[in-house]
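Shared chain: chain A. Partners: chain B in the first complex, chain C in the second.
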Partner chain A sequence: MILSGLFFRAIQMCTPLLLGSLGEVLVERTGVMNMAIEGIFLLGAWAGFTGAYLSGSLLIGFVCAMLTGVLTGALYGWITVYLKQHQIVTGVALNILAAGLGIYLYRVLFGVPLLPLTVESLKPFAVPVLSDLPFIGPVLFRQNVLTYIAFLAMPAGWWLLFRTRTGLILRSTGANPEAVDAAGINVERVQFGAVLVSSALNGLAGAFYSIGYLGLFSNDMIGGRGWIAFALCFLGNWNPLGALLGALIFGIADAAAITLQTSGFSLVPNEFLIALPYILTIVATVLRTQFNVPASLGTPYIKESK
Partner chain B sequence: MEFSVPSALALRGITKAFPGVLANSDVTLSVGEGEVRALLGENGAGKSTLVKILYGLYQPDSGSIEVDGRTVSIRSPRDAMTLGIGMIHQHFTLVPVHTVWENIVLGLAPADGRPLSRDAAAAEIDALGKKYGLEVDPFARIDQLSVGMQQKVEILKALYRRARILVLDEPTAVLTPGEAENLFSFLREFRSSGNTVLFITHKLAEVFAVADSVTVLRGGRNAGDFGVRDASESDLVTCMVGRELVLTKGKPAGSTGNVVLDVRALSILGDRGNRVVDTLSLSVREGEILGIAGVSGNGQEELADVLCGLRIPESGEILLDGRPVRPGIPEAAFHAGTGYIPADRHREGLVLDMTVEENLILKNLSAYSRFGFLRMKKIRENAERLIKQFGIKTPSPAAKVKGLSGGNQQKIVAAREIEAGSRLLVAVQPTRGLDLGAADHVHRTLLDERDRGKAVFLVSTELSEVLKLSDRIAVIFRGRILGEFKRSEATVEKIGMLLAGGMGDAA
Partner chain C sequence: MSAPGTKKTASGTIRTLVGERDNSLWTALFPLWSVLLGLAAGGLLMLLLDHNPLKIYGDLVSYAFRDIYNIADIFAKATPLILTGLAFAFAFRASLFNIGAQGQFYLGAVAAAACALAFPQLPSIVLLPLCALAAAVAGSLWGGFAGFCKARFNANEFLVSMMSTYVAVAVLDFLVRGPLREAKGEYPQTDVLAESAWIPSVIPGTRFHWGFFLALAVALIAWIILWKTTLGFRIRAVGRNRRAARFAGMNEQRIFLAVFLISGAFAGLAGFMEVNGVQRMVVQGFNPLLGSEGIGIAILGNAHPVGVVLSALLFGALKVGGILVTQTSTIPSSIIAILEGFVMLFVVLSYWLQHRIAAARARRRASEGGDSR
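After this line comes the complex of A and B, so read on.
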């Protein structure tokens, strides 16, 4: 029972990591890092909560979160893809901005309520027949809709990247933008589009924390999980299926931290459990030695000119 | 002729200016169907700008382009492709980690998310390859192919897009003599089926080998159109350079002295951990140029790296004037009197964003600083002396190297390294990318240094360069010396055979 609870939660906690890392894989394959990921997670969480609270509809909340992601991504993409500014510097600036903006906008709208405002979060949906399977049923098939979508999105993302023309263009852009340019494709448009898509996914991922799971918003609810999704992209070797594997490991770590905390287990300090996913990120990052880094990653594409 | 038959491709009055440079000025030329037209000119004559305009990468300030007699507007490479123009860039535009077929179909058909048909693409590539003698395995990864094969992929890319007009920018710069001959026979084949070729080059021999007609560009202007049959080599050189140019003739060494460089049983591992130089021994004497002939990638670059301390050998010994040099330490090689003119001057030879005078002292900072402070006056004096001695054309010693021509950049490297290399000069592809005049200057410099008693170790993939300069020629193949010739014994035929690894141990 404890075990199935743990795995259920692990699968659940994977959801935003999957969405975020998939977006990051897609955009980094075009040579651009979406460094605003943590900030977009947070703004997505805020927009999702606000949309859902004000409209009473979770769907509207999720749509608001994705739109906010796209808007923030458009700003990031404009600065990095079109103005060719440094991606890390731009990303850091946007993340700091988002951290202040989240709490500011929350207070402007809602003041400082004595008790946190809540909405009813996403309900689980039991898949007929499958959810009755022993163990697997409760773990895999009584999740919420967003979780199902996130898990299906990973193989779909793999297929897009490695089996379609669009994917070939995405991969070529990161590996050699000149080749894409010479093929008559607008490199900037490809990169900007990928930034928007990844930002929409990040917004959705952020909203999972506020309205997909807890039903409230707090300014520290992302707590670096955007960065974990960011790290999963290269732990997964710029492959959605690799990111899926990594996300599962981190989902388990995240779930273990929460489960053990609430069960009053006290052999290891709570702080260690909370830190576990982050420690794992560092260890896994150091241990991986072979990477297929997109050759132009992080370098703005400037058309050759005299 | 031009009035009766509409030309396949015509440029009329093309002018293009960049800040400070008039790259093309009122250039007019036309190429007919079934014609190979060479576009000949020195570096900086405006050849590349002209073809980039043709391919939609630049927009001309004025002038027009006609394809099949109709005026067209080419705003992007996509427009050019639609018109049947295919371009083979000097630097390939391939994705190295992708396969041949992926590179060829990249960007074709709308990106509608439909799955790619790998087998259909591969079949068409095979068919095209057979038709034109450009067979390439569609499933091979680009980075596992030789440069010559990669160029075939570039050509197939254009043919796959139904190109009828092929524009090639210095296509033989990276090819072996054999590969270049294959390219030429493809171009003849391609032309004979009614297609059109515009072929950019600065090598005269290629004009006569493959072109029907030639347009010479000089200083951004059309300096003359010739039919190849009516033109002589000296006509073209004069037209290209704008004056008569007497090229330096190689001359044999006077007398050679003691052994300067002695390499004993040297083995070197390459970047991928494979052995690229295998128990190789050789020596160079005072007042002698040893030329290493070989197709690129047979270990000669790694060998030069080791001689200059840039790479640690697996085993073996290097002696300079009889004393062993500690391997893998550039400083040790420098202090023993080795100067190094690298193949890639932008990457290994110069800091482009630094000034001329700074670049001239890079190798020997300690002589130009005291207590960590640069001795500006001494640096300036050194620069002024070398600028004069080597005829470096620069607005001032404090000008950035970036703004100088390739020939002058190479003079800076040569000046510094000749100063550094008091005993041995290692020169790898010293004239790559240089125009006739500048290349000739480098050749003369190397011969002069030899005559002053230095030992010169010359690596070049251009056989003509090796034959012209060397006193002794060693042919390298897969990390071994297959044969060694005195200059008087060497012929293109003998060496050509060994270049491809044939006929084994003549040594």
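After this line comes the complex of A and C, so read on.
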């Protein structure tokens, strides 16, 4: 019982990490890092909540989150892809801005409510037949729709990246932008498009925290999860399936921490459990030695003039 | 075309920050324009709350410079910002990213407090340097860990230092909840430090303490290391072109470690400043934005110690006035982070503009040269 609860939560906690890391894999394959990921998670959480609260529809909330992601991504992409400015610096600026903006706009719209405003979060959807299987059923097939989408998106992302022409263009842009350019494909447009797609996924991932899971918005609800999704991208070797594996490990660690905290287990201090996912990221970052880094990752592509 | 401004693989920001700069008066005014545009963008958001931004900014300035106490507070607020700004700027000169100044700051704060609480009977003249040393060493080791991972395992220093901040927050929470908790055991915070561990004030009755001058000295040290020592030459060489530095026989691993040890020590000292100079205790989750503000300050200050000090003073004034404005109006305090974010964005955009101007000038010079022949 405890075990199935733990795995259920692990699968659930994976959802935003999957969406975020898939977006990051796609964009980094084109040679651009989306460093605004943490800020877009937060703005997505805000927009998702606001949209759902004002319209009464979770679907509209998720759409708002993705649109907000795209808008933020457009700003980030414009500065880094078209103006060729530094990705880490631009990302840091946007993340600080987002940290202030989320709570500010919440305040503009809702004032200072005595109790936090809530919406009813995404309900679980039991898959017919499969959800009645022992153990596997309650763990895997009584999740919410977004979780199913996220898990299906990973193999779909793999297929897109490695089995389609679009994927070939994406990968070539990161590996050899000059060649892509010579083939008559607009490198900047590919990169900018990938930034937008990844930002939409990040917005959706952020909304999972606010309306897919808790049903409220708070300014510290992301707390570095965007960066964990960012880390999963390269721990998974820029492969959606690798990121999926990593996300599962993190989901289990996260769920174990929550389960142990609520069960009053006191052999190790609470803070250690809270820090566990971050420690795990550091360990994984250090242990990973063989990388398949896209060759031009982080360097803006500047077309040779004349 | 081989004019310097139009060289192919160059990344605009890095080049402008680390490489040669155009020294005309024009470019000196760019940071100023960025600040003004950032404030203007933030002002638009104030309109959403039915506030007149001009009045808010007027209030902000008049609060910040209202009396000697507030003016002194600007220096008090700037003190830790100088240090976290230097921490980012120093690593940035080596093209390394120390995003974890917040964690190094927390570890420094805890070390300084632990030291002061352990030896309350020592006289100030011994205790204060001891606390400062403890803070610097703690920050240095915590930051050095990221440098070590980079040097030894080629791990991504950005991620390691970023993640280590979250671990540092947990360490601080654990310590103030457990071993270092106040005697009363009521709140997650330490006891108030003995008076011998307080950094004396420059102006009595204000929070402006002598730590400010220590921060200035650290800025001077950073400048000396970077521009007057062999180590600094190597740091800048690695920052400008890692491969060329390697071919020149420089041991980049050693540079990575050294940079993070020094950068971490700067951020750790910020902890000493805040604990011994202002708070006189450690409270859970205090000053949570110091690290990211340091990044903004370093970028605005062009990653140069002088620029960092000036930017930190500006951010300090923004904070003093901003906090009073948010206390006396319905503007939420998150406006300060928003203003900082906007200013940083405009700084980044100004690098692009600077780059464009330099490139256009180089082109013009090249074509003029062709004409006169």
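Quick notes on this structure:
Going forward, the second predicted complex is superposed on the first by the 305 of 306 C-alpha atoms of A that agree within 3 Å, B and C clash if a C-alpha of one lies under 4 Å from a C-alpha of the other, contacts with A are read in each partner's own complex, and residues count from 1 in each chain.
As a convention for this text, a residue touches a chain if its C-beta (ideal position, glycine included) is under 8 Å from a C-beta of that chain, and two chains touch if they have at least 3 such contacts.
Predicted model only: the values in this text are computed from it and were never measured.
Of the two partner chains, chain B is the only one touched by A:R171; chain C is not. Set side by side, chain B and chain C differ in how many residues of chain A they touch, and the one touching more is C. Once chain A of one complex is fitted onto chain A of the other, the partner contacts of A:A183 are limited to chain B, with no touch recorded for chain C. When both complexes are overlaid on chain A, the residue A:S55 reaches neither chain B nor chain C. When the shared chain is aligned, chain C comes close enough to touch A:G224, but chain B does not.
Applying the stated contact rule after C-alpha superposition, one finds that A:R163 touches chain B and leaves chain C untouched.
Of the two partner chains placed by the overlay, only chain C lies in contact with A:T281; chain B stays clear of it. The intersection of chain A residues touching chain B with those touching chain C, taken from the two complexes, comprises 304-306. On chain A, the positions that touch chain B within their shared complex are 160, 163-166, 168-169, 171-172, 175-176, 178-185, 292, 295, 303-306.
Remark: chain C residues 1, 6, 8-14, 45, 48-49, 97, 99, 149, 153-156, 158-160, 162-164, 166-167, 169-171, 173-174, 177-178, 289, 292-293, 295-296, 299, 332, 334-342, 344-345, 347-349, 351-352 touch chain A in the complex.
Note for the complex: chain B touches chain A at residues 18, 21, 23, 49, 57-58, 76-81, 87, 89, 91, 93-98, 102-103, 105-116. Put simply, chain A touches chain C in their complex at residues 79, 83-86, 88-90, 92-101, 103-105, 107-108, 219, 223-224, 227, 230-231, 234, 269-272, 274-275, 278-279, 281-282, 285-289, 299-300, 302, 304-306.
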